[in-house]
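Following this message is one structure expressed as structure tokens.
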Amino acid sequence: MNPQVAANPPVATPFFFYGLAAIMIIGGILVITRKNAVHSAMALITTLLAQAGLYLMLYAPFVAGVQIILYAGGIMVLFLFVIMLISIERTLKERQFNKQWLIGIVAAGALGGLFIAVYTTTKGGVLFPPVGRPSYVEAQNTQGVASLLFDLHTGTYMFAFEIASLLLLVAIIGAVVMAKKRI
Amino acid sequence: MHDLIQYIQSYLGSDKTPGGAGNIFWATVYVLLVFVGLSVAVIAMNWLERKILAHMQVRLGPMRVGPHGLLQPIADALKLLLKEDIIPEGADKVVFWVAPFIVVLAAFTVFVVVPFGPTHAITDMNIGILFMLGVSSLSVLGIVTAGWASNSHYPLIGALRSSAQMVSYEVAMGLAVVSAILMTSLNESSTGTLSMIGIVQAQFDQHEWFLFKFFPLGIIAFVIFAIAMVAETNRAPFDLPEAESELTAGFHTEYSGFRWSLFFLAEYSAMIAVSSIAVTLWLGGWLHPFPNLLSSPTWELAFSFIPGLTFLFLGALCFYHTARMPKHPLFRIQTIGLAGFGVVLALIGVVLFIPAVRDRVGDIFWFSAKVAGFMYLYIWYRGTFPRYRFDQLMKVGWKVLLPTGLALLILTAVVGMRGELLEQAKGVFGR
Amino acid sequence: MVAKYKAEYGSGLNALTHLGQNYLEVDRSLIPDFLQLLRDDEQFDYCVDVTAVHYPKREKQFDVVWILYSFARNERIRVKTQIADGESIPSAVPIWTTCNWLEREVYDMFGIKFEGHPDLKRILLPDGWKGYPLRKDYGILQQDSEWVQINLGIESGQ
Amino acid sequence: MTDPNTLSPLDLDTPDKTFLDANELVINMGPQHPATHGVLRVILRLDGEKVLGLECVIGYLHRGVEKIAENRTYTMFNPYVDRMDYVAAVSNGLGYCEAVEKLLSVEAPPRAQYIRVILTELNRIASHQLWLGTHALDIGAITPLFYTFRDREEILKIFEKYCGARLTTHAFRIGGLQYEAYDGFEKDVKAFCDFVKPKIDEYEELLTTNRIWLERTKNVGVISGKDCIALGVTGPVLRASGIKWDIRKALPYANYKNFDFEIPTGQNGDTYDRYIVRMIEMRQSLRIIEQAVAGIPEGPIMAKVPKVMKPPVGEIYHSIEAPKGELGYFIVSDGSTQPYRIRVRPPSFVNLQALDIMCRGQLVADVIAVIGTLDIVLGEVDR
């Protein structure tokens, strides 16, 4: 039992959870319904920030920090960067939904079904571990992530991590090659 | 009622931050204190920048509003609040509205983890430094959206410039920060930490500021950070996003009045925020000079007098200038005002001698003094340097700072692990 | 130099000196070739100024003046030619790039058209302005009041 | 359009055509813009931040000085010339007075010549100081502006003491001077020379070896000597491109042939060289002033000039080396009291033409630097 958790019982957890979840859902809906791409991007940022809040509630501050620094801070800036250079007037005239909406709904329904299935079958189990489990301990989150990734003995994701970074490197080079004729 | 008082008092003996102790009352008090303190700091910074810059440029600066222009920032603030709030015709109203708030929110939120002292922080997060970098990077969003929403060319170019600039300098900044974090773990006893308080504590434990650790690696990391932080806050000589001679005022060209003042506020609090990071990581945060050498009670007592003495000195300075004021009836109110200001400063100085206060503000004083040093550097840069061009700025960021930072990171790791590495080398070759 | 060209062009060329300054009066028909010649063969590589003078009483109303300088000879020379109102004159831009704006100004002020000028339009006055202010028949208080009223929304620019 | 012989081919970078389709942006810089030094409007065609081409729109300050001249007598027109290049009013006056004197075939007496040279050179320093301050400000260094203005003030004080005016001085009259030099004039000028020398060192200390300044000015706005001649660019810009030509030496006027000074030149024709050339020019001006103050003769200050000036029929072109370049006056006289036609050959106007060629392929920030380095005064461009 971690003394810190015992000393600081989480405050108003359901309130924050439902609040953040609601923000996320509203943001997500706005992302696809807004015609103005910049508004969509702003909604997406809100969603991502709310998600970071949920990570914090899950005692995963490192992931939350990375979420903010990478998604909300880094990637979305580049998104906005590109969106701004596109003429907004033109995008306003374009059709917002294409013919694949049916497939989209099917895919979203399937994913939602999966979530519900997992939730119902594992309720009280792995997804929502009881209070006091080590994964609650904030102080070990950063080290935990690091040891999962890099530790020689317990690390299982080292290879996947390195492969992912290589993939990103290839993507960067590809983007440069495509965007610039003369380098 | 009694419970409440006890709840409030229960924190006082604690050696944790209010957030760490989970005391909501004191956390709120600290939030308010930091907010007010920051606002006062920005106002003071406004006045100081104008005065110091003026004296660097052989002129006087504000002299009319209050003695030596002391009330000038207040007059400015009033003017900005009363000014008409113009929203351009073709602007995207919602985004135009939201953008300044994003910037201000990002600039203020980072102060949640800034450690003014071992217990003087709103909270101590396990990921403190990561949180600071992450949240401060959000201000780019505000700048970009502000530039875009203005629906005008100059702000758009300014916004694009600043976003490109901030994103690229974040990389170099991050590398320098990582090398400092690495230093927290590279010794016999301590384990690494991302917590802001933990980092300062590590410097205390390791008996040196990280500025001097692994000489000259610490200094190089600090220099990289010091350059990157000027670029991050869009100040001279990296003030291209608001280069007035090229882009009139950059991303906030179309803003006026209150909304413009929010940008102003955000810029200065961001300057203070990044300076705080630098102070925390390399200059020993709240520690007074030579905390390990001069740690005897006598020295502690001597150091605890310095804040009070400083304020007394400032008060004396005010009295000196009061005496030098022209003896003309027109200047009477100004003279009285200056004397009054001196009295206030001296009183603060006296209050700082009270033992209970003395023991608590020492950390805050040293931290603020170090940050103030950086603020002075900002002003000095502005008075001295011409402005970089955009491509040169990018060149400095990507071709100089980034490789240096990477090499530095590797070198820090190698130097820090040299014992183990030698051991392993012996293991391999020694047989 | 003068004698050589005098022989070549005869009456089309007239060399004079006034107050120690040399100038050539050249027939309109010689204009682009003679200027080209001055630059290429006589090293007058710097065109100091192009301007015009209006003589309303003359038959050929305008004097167009080129002021040339040669770095090699350290010598200045003026070339003058006379043209009538409405007549155009070949542009010297292919010879000296600097003539671009100078000719535009002459066009702006006198209404003299330069053939082959890359972008002959008004330079100092607004594009829609009527009248050529440096002509002698243009009064000093005169203005294009129509333009002023439409574009500035005031009665008069005086 | 342009002859390849006179103009070195421009390295015109067309935007890279990729699937991202380079964005061409047209930006309107000015007429109200902090860095255009007045009311210059520059229409920039940009690819991102790179300048593809630009067009200057001028004439916002057009006052019809040449038309005014035709309706004033020779004497009455004299103050008007101060209003063209208002930061170098004394030079304007010198050019005009000398042109009319030539037309009248009179010459100003030696003492007047010396005082003229002193004042003109002082004005050259003042003009260069103003240029330096604003140019550095454009590039982002805000401090030199205050230093140069502080020192320019001393020059203006001398002007004020001499003729009562600080900016539009109207210091000279046709045929000489109106006012005798005031008591202590020589002393003031000498004191100024001693005062300003360390100050020029101070400017140089701030900028000459400043790394950012070097990066911002080296290889920026390069123009070759050949292009300069083709475009008629004169003054420090021409000299910075390696052509050693100064009217004070080439076709001496006033009594410049009596003084010993050097013409500074640059090699690269970039913004940095122009900066260096102007800095040296300031020092050379000081040299001239010191010699002139030492050798100032006694004597009359006004030649015999008729009260009503009626120059004989004829025309004259006279030019001087103004701080910005060749400032010429082409005066046609019809024998009456009023000039038949006065044409001013403004250095700023002609130099401004080079802006396009100097900025192509550079960045927006360089346009600012180049406008600054051309040292234009819109009052003179538009007249």
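To keep things simple, chains are lettered A, B, C and D as they appear, and every chain counts its residues starting from 1.
To be clear about the criterion, a residue touches a chain if its C-beta (ideal position, glycine included) is under 8 Å from a C-beta of that chain, and two chains touch if they have at least 3 such contacts.
All values derive from a computational prediction rather than experimental measurement.
The chains touching subunit B as well as subunit C are D. More C-beta pairs in contact connect the chains of C-D than those of the other pair, out of C-D and A-B.
Ranked by how far their CA centres sit from the centre of subunit A, the chains are topped by C.
With centres set at the average Cα position, the gap from subunit A to subunit C is 71 Å. With centres taken as mean Cα positions, subunit D sits 24 Å from subunit C. Distance between subunit A and subunit B, defined via averaged C-alpha coordinates, is recorded as 30 Å. If you average the Cα atoms of subunit B and of subunit D, the two centres end up 46 Å apart. Taken residue by residue, subunit D touches two or more other chains at no position, since every residue touches fewer. Looking at subunit B, one finds that none of its residues touch two or more other chains. For subunit D in complex with subunit C, the touching residues are 1-3, 6-7, 58-59, 62, 64, 66-68, 70-71, 102-103, 105, 227, 229-233, 243, 245, 250-251, 314-317, 319, 326, 328, 330, 332, 340-341, 343, 345, 349-350, 352-353, 382-383. Residue ranges of subunit B in contact with subunit A, taken from their complex: 21-22, 24, 92, 94-95, 98, 125-127, 130-131, 133-135, 137-138, 140-141, 144-145, 147-149, 156, 159-160, 163-164, 166-167, 170, 194. Residues 25, 27-28, 33-35, 49, 136-143, 145-147, 150, 206-207, 210, 212-213, 215-216, 363-366, 368 of subunit D touch subunit B in their complex.
Residues 18-19, 21, 45-49, 51, 53-54, 65, 67, 71, 74, 76, 78, 93-98, 100-102, 105, 109, 118, 122-126, 133-134, 136, 138, 140 of subunit C are the ones that touch subunit D when the two sit in their complex.
Within the complex formed with subunit B, the residues of subunit A that make contact are 7-8, 11, 36, 38-39, 42, 45, 61-62, 64-66, 68-69, 72-74, 76-78, 80-81, 84, 138-139, 141-142.
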